[in-house]
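What follows is a set of structures for review.
After this come two complexes, each holding subunit A, first together with subunit B and then together with subunit C.
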Partner chain A sequence: MSIWLASNPWLTVVYGIIVLAIVACVVVFTPWSIALFTFREGLRKKTLIGFLILSILVIFGSMFMTAMMYDTGGTVATDVDVKLIKDICITAVSIFGVLIAIFISASVVPTEIENKVIYTVLSKPVRRFQYLLGKFVGVQITVLVNLLLMGVLFSIALYIKEPIFPRMLLYSIFLTYFEFLIVSAFTFAVAAASTSAVLPTIAGLFIYITGNLTQYLESVVNRSEVSENAADKALGWIAWVLRYTLPDLQNFSLKTQILGLQINDTPKDIQIPNLVVYGMLYALAGYIIAYWVFRRKEL
Partner chain B sequence: MSAVIETQDLRKVYKGISKAQDVVALDSLTLQVNEGEIFGYLGPNGSGKTTTIKLLLSLIFPNSGTMKIMGNPNITAPEVRKNIGYLPEGAYYPDFLRGEEILRYYGSLYGMKGPSLAKRIDEVLEIVGMSRARKRLIRGYSKGMRQRIGLAQALLSDPGILILDEPTTGLDPVARKEIRDLLITLRDQGKSLLISSHELLEVELISDRVGILFEGVLQTSGTIDELLTRREFTIKAEEAVPEAIQKTREAGLAPEDAAAGRVVFRVPENMSLYQALDICKAQNMKIVSVAPRRETLEEVFVRVVGSAVKNKEAQRGEN
Partner chain C sequence: MKRFPNLILALLTIAALALGALQGYRVRNLREADAFYRWLVTASTQLRVFGTITPELETEEAERFMDRELFDRVADKADNTLPDTPVLEDDVDDATGEPYPKLVRYTRTLSTGSLSEENESSGAAIKANPEQVKRDAEVWRFARSDALAQERADFIKFRREKRLATVGNQIGVADIYRNQETPVSIGQMFLGFRKLAAGLVWIQVDEAFHTGDVQRMVPLMRTTVLLDPNFVDAYLIGAWHLAYNLTAQMPETPEYKKDYIPQDCDWVGNKERAYYAAVNFLKDGIRNNPRDYRLYFDLGYAIYAEKLHDHMNAVTYLTEATKQRHESWVRRMLYHNLQANGQFEEARAGWEDYLRANPGHAVAQRMIPINTALIKERDAEEFGAKADKMALQAKQARADGQEAQAAQLDTEAEELGKQKDALLAEARNIYTELNATEAKGDQFAQARLWRMHALELHKEGRTLEALALLRQARMEVSTFFDEASDMIIDMCIKADLPLNVSERKRLIEIQQTREARAAKPIDIATRLFQYNAAEDVWRQDGYENQQTTVLTPASKTLAALRKDQPVIDQFIGLGDNVFFELSGQWYEFHKTTRLGNT
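Presenting the complex of A and B:
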């Protein structure tokens, strides 16, 4: 079955309707001027530019590293060489990409509160939910553009070493965006309740790290079930709560397949519609929480 | 004259960690700004001026009381918001944008676009005298230019009501005069202005009515003529030796200023002009001039706030 279809046709239709409904609402209700303004502002944030430059250095640095390995011995096999580039680049895209997503999601609203720009915006005929939606969409455009840029550079780096179409990489970038979308939405929700970017940044990092440790959380739960120790039980309970409330971000990772398979292969054992709907619903939940805390927030 | 802004028994408390730390920012504020007038909203720092403005813009929410803008209790309604222009104190405008770009952004928030927005941007830039600097980046603007751009964004929708928080703070005298003239012109065009300010002289020069707020309570309000009712006399005299000045002081006529044999007396309320002149003559002073003077807004402000402080201290003493 195609990875673009859900496990049964009706589910595919339902998922399609959910995705279309969310996209249509975003397109209709977003004040695009606020979104574009946020995007333009985001591109000028020094922290983001710093992360982007670092990621570019790491991506192209990986090529130089493999070139040096050739020079020293000439014994390194081409597939090991490509594997090293893939490993370094995927890690760079994930780490720098998520840092960009967290920092921008954490700062857009608190910064506008701090410098009072929000006063002039909300004194206009702009509802709070529209303001937040504009900001959120602006953040997503920034995250997406940064991710695409890193993806293109990654593809170029790979293509130079192995001139084949990097299909697997494109799938990975696509799914990574939905992982970032979830992290970004929850960081944004915490930011909507904060007056500084520090707490939401910490919260975003927590969600990203914990969301990628679901297997570990499960093993903690399992161990606590057989343990008699009260501390283990308490830890197990916390791990259980985290496991079933926080998103499972490991689902979005194709790292093992990228490293193990050919770069022009199609990924196996994934259902993209499930992951897209999963990501969008978590993002929607994040936005609803953000609006809930922001609608009566005193500015 | 109909009221465009009305508040009734407005109360706002900023919650602290415990009840003892609660701060009553506004208490029973009943205020009215009429159509086509400039209302000067005065008060020391922390008196509740900005809180009032934030409440009117729904940036914060009252604990009790009601507000109406243009008779509409739904103050967040789009038709109400379109009719309000707001200039916050010390606002920041993104410095990577040009003057006209920031106006295009704010204009789009009103739903304006295309040629009508471009035309309106031209008009407001002309009104605030920024047409020549429209293409420059905001980071290259002086403080006065930023304030003008702020005023331009407040005027974009051609609102009937302007709420301006410290519109002339930090400006040089020439810029102040220009902004002041602009505000009078806007009033003459029929707009209603609520101006929160520390610049008492300026408020006195342009306001039709004034309200003085202290610790969240509106101490007094009225037209400038109603508030500046006190008439006083000043006497200027020469050939006043220190001993003579000391004697006039003992007689109840304290000098306001004295230097190089010249002295200025302000006749106190409990003394007639004739009595004051007799005291001066008795000390062989040469009377140079006698002039009536009206109390200034600054003096009213100091008197009202001073009296409120005394009352508060007396209440604390009783408790």
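Presenting the complex of A and C:
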């Protein structure tokens, strides 16, 4: 059964259909005017611009850090400086990118409630799920544009050091986006229930940290298996459910692996599309929760 | 939706989460298959290079590990599952003459052919062999297939139980962040940014190196590769620091004070301890990155050849480096080491191939006649030894009154002597020609000519002239120094001539070493070895003039035996002449020739 689930080609087809359906729904039902307005509003936010500037500083700062390193010799050429630039830059993109995703996802709906713009919008022939979808898509466009900007700067920094087109970087940035998508969707769900941006921001950070630590639950499961205590068994069962239900953001560590990919390394052909589907499904869950809490919300 | 909105939304949420969880399961499975695939490549490479998957392990220790058993199960399934491919030249095990198992053939890196230096160093050569890409994809499909579900599950289980030695155990990589039972892994602690953490630790290593804080470097280097086992440059530079910078100020340990360490297969002093730490560090790198030629190259050339002067192991690793995608100098270093290991035919064939790919290459053009001449010198030495033996037998026969037999032996010895002279004359012609082609003369050829001339003078009884020639020659050609010095000592002793201070010192050290070794038998793998100082021979207890098979570093029999029974390395590491028994057969190993080391 487990193998059937893991590698059945028909299941892959089903997933393909689901993903296409999600994309089609987004394209058809999104009120693009709301999405574009949210995007333009997002670009004006000073906090996001601040994060972007900081990320640019870190990306180009990485070149100074490695410039101070000497060639320590050896019999073969080494590319430590290029590797360090890659690692520093992808970390900067991930940290500042996720902060941008959290801050914007946490603030779009509560801000509109706070400044009462939401009343004007919802008085128009726009349904609540469409309003939320527009906001969510707008957030994603903002995150994508920021990510692309950082990716371009990262490529320039890398190209200065090593004049080869960094093809794997595109895959890495692409995967990073789907990690942000999950964090952003769940933060958005919390934001839909909140009237202030503070709580969803804290929740977003918590989601990001927890998402990176879910593998810890596996050791809880393993330890409960060898324990005779009923409480431990129950705890193990809860850990098992959480382990398999909560999104595991460590799966996206492939984004750093492929940056240092050797020519003869493991083929990544099917891992990337599978991670894309993974990100989209959890984003869908996040959006449904957001709509669920926002549907009957007293405004 | 209108009647039961909450119920429908709850169901939709559960459905989305369930689908996500299922997809998470599939992703996790893929990541496990990825780890399994990497392990297959590592285990196959180890098997191909060493004949065993866990060469570093003792027999008793190996029983605990499941690497071989698991690999054999996978290899059996691969034979039936992977598509048939023609057996290529490199698919055959040189030692046994048999093709490798299908899985090993599939996972080995295919050669990109005899590329010219220009093409090899350009971007064009970096593209992988298309057949290689196809084979990798086949193995990857196989690694994640239903057919290997049980093996994959066992792989995860054994890895968790620390029963796989090939996933990087030298510095506990497996113990820290690959072990599911560890409460919090390093990877999780850094929220997925452990590669950055590795980079930052590496900056500290760099700083420690430039401030001379060498002691601090070693733990930092180990932390770096612990955080990022795919940081190949850290392995390379780390090993370089250990073998070169850490030992730069260390005094040499006198031979007689060194200890025999069976795991290292060598007599080890302070410097050697650092060299073998570098060896282990690089081997750990190879386990984690089995397809990076730089690790094999540095291990073979920078450590084994340059530091330990172990050309046999250097050839093993450099050969493997050339089987991965590599730069052109790697092959050149392999051919130099083949020559240093006495494998002149292989070295010459390699240089000929290199010259075909790089027409007009100056070094290849020079090394082909050099190896030809060395083959002739070696054969001449063999003929000379046989002629001397026959002359002795003739003398004995004459003393026994068997005049006819003595006369026949004399004739045969004379014939062999002629053949020897003819070969030496041919070698001399090659060296003379080579020396004449260079404006400043060819140092190697010149040294060989001086050596031949000195030996002739010595044979004619003109030892003082021979010594004068050798003393001058070793100063003119630095790489000839050791060989010439040994010849000088040997000639002086035979002619009962006085030695100078440094030569006497060298003799005393040899004497002290022999006494120290004779005083202490060595126990290796339940065998006891005794040293005979007079003959400079190590003999396993129980040897009583049995029939033996002669082994030299260049012999194919030794290569096959090393793959079949790696414990042999611990025996032959004892000294230049070792007698030992293996599976009921007695062997004698001789590591004598200096030919080609000049």
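In the analysis below, the second predicted complex is superposed on the first by the 240 of 299 C-alpha atoms of A that agree within 3 Å, B and C clash if a C-alpha of one lies under 4 Å from a C-alpha of the other, contacts with A are read in each partner's own complex, and residues count from 1 in each chain.
In this text, a contact is a pair of C-beta atoms (placed from the backbone, for glycine too) under 8 Å apart; a residue touches a chain by one contact, two chains touch by 3 or more.
Everything quoted here is computed from the prediction, not taken from an experiment.
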item	value
Partner chain(s) touched by A:S33 [first = subunit B, second = subunit C, both, neither]	first
Per-residue contact with subunit A, leading partner among subunit C and subunit B	C
Partner chain(s) touched by A:P125 [first = subunit B, second = subunit C, both, neither]	first
First (subunit B), second (subunit C), both or neither touched by A:I270	second
Partner chain in contact with A:W292 - subunit B first, subunit C second, else both or neither	second
Subunit B versus subunit C as contact partner of A:S196, first or second or both or neither	neither
Subunit B and subunit C contact sites that coincide on subunit A, given as residue numbers	none
Complex interface listing, subunit B residues touching subunit A	54, 57-61, 76, 78, 81-82, 84, 86, 88, 90-94, 96, 105-106, 108-111, 150, 153, 157, 163
Subunit B-facing residues of subunit A, complex	31, 33-34, 37, 40-41, 44, 115-117, 119-127, 296, 298-299
Subunit C-facing residues of subunit A, complex	2-3, 5-7, 11, 15, 18, 65, 69-70, 72-76, 78-80, 83-84, 87-88, 90-91, 94, 164, 208-209, 212-213, 215-216, 218-219, 222-223, 244-245, 247-254, 256-257, 260, 262-267, 269-271, 274-275, 277-278, 281-282, 284-285, 288-289, 291-292, 295
Touching residues on subunit C, where the partner in the complex is subunit A	5-6, 9-10, 12-13, 16-17, 19-31, 34, 37-38, 109, 123, 126-128, 132, 136-137, 140, 144-146, 149, 160, 180-185, 187-188, 191-193, 195-196, 198-199, 202-203, 206, 209-210, 230-231, 233-234, 236-237, 240-241, 244, 289, 291-292, 294, 297-298, 301-302, 324-325, 327
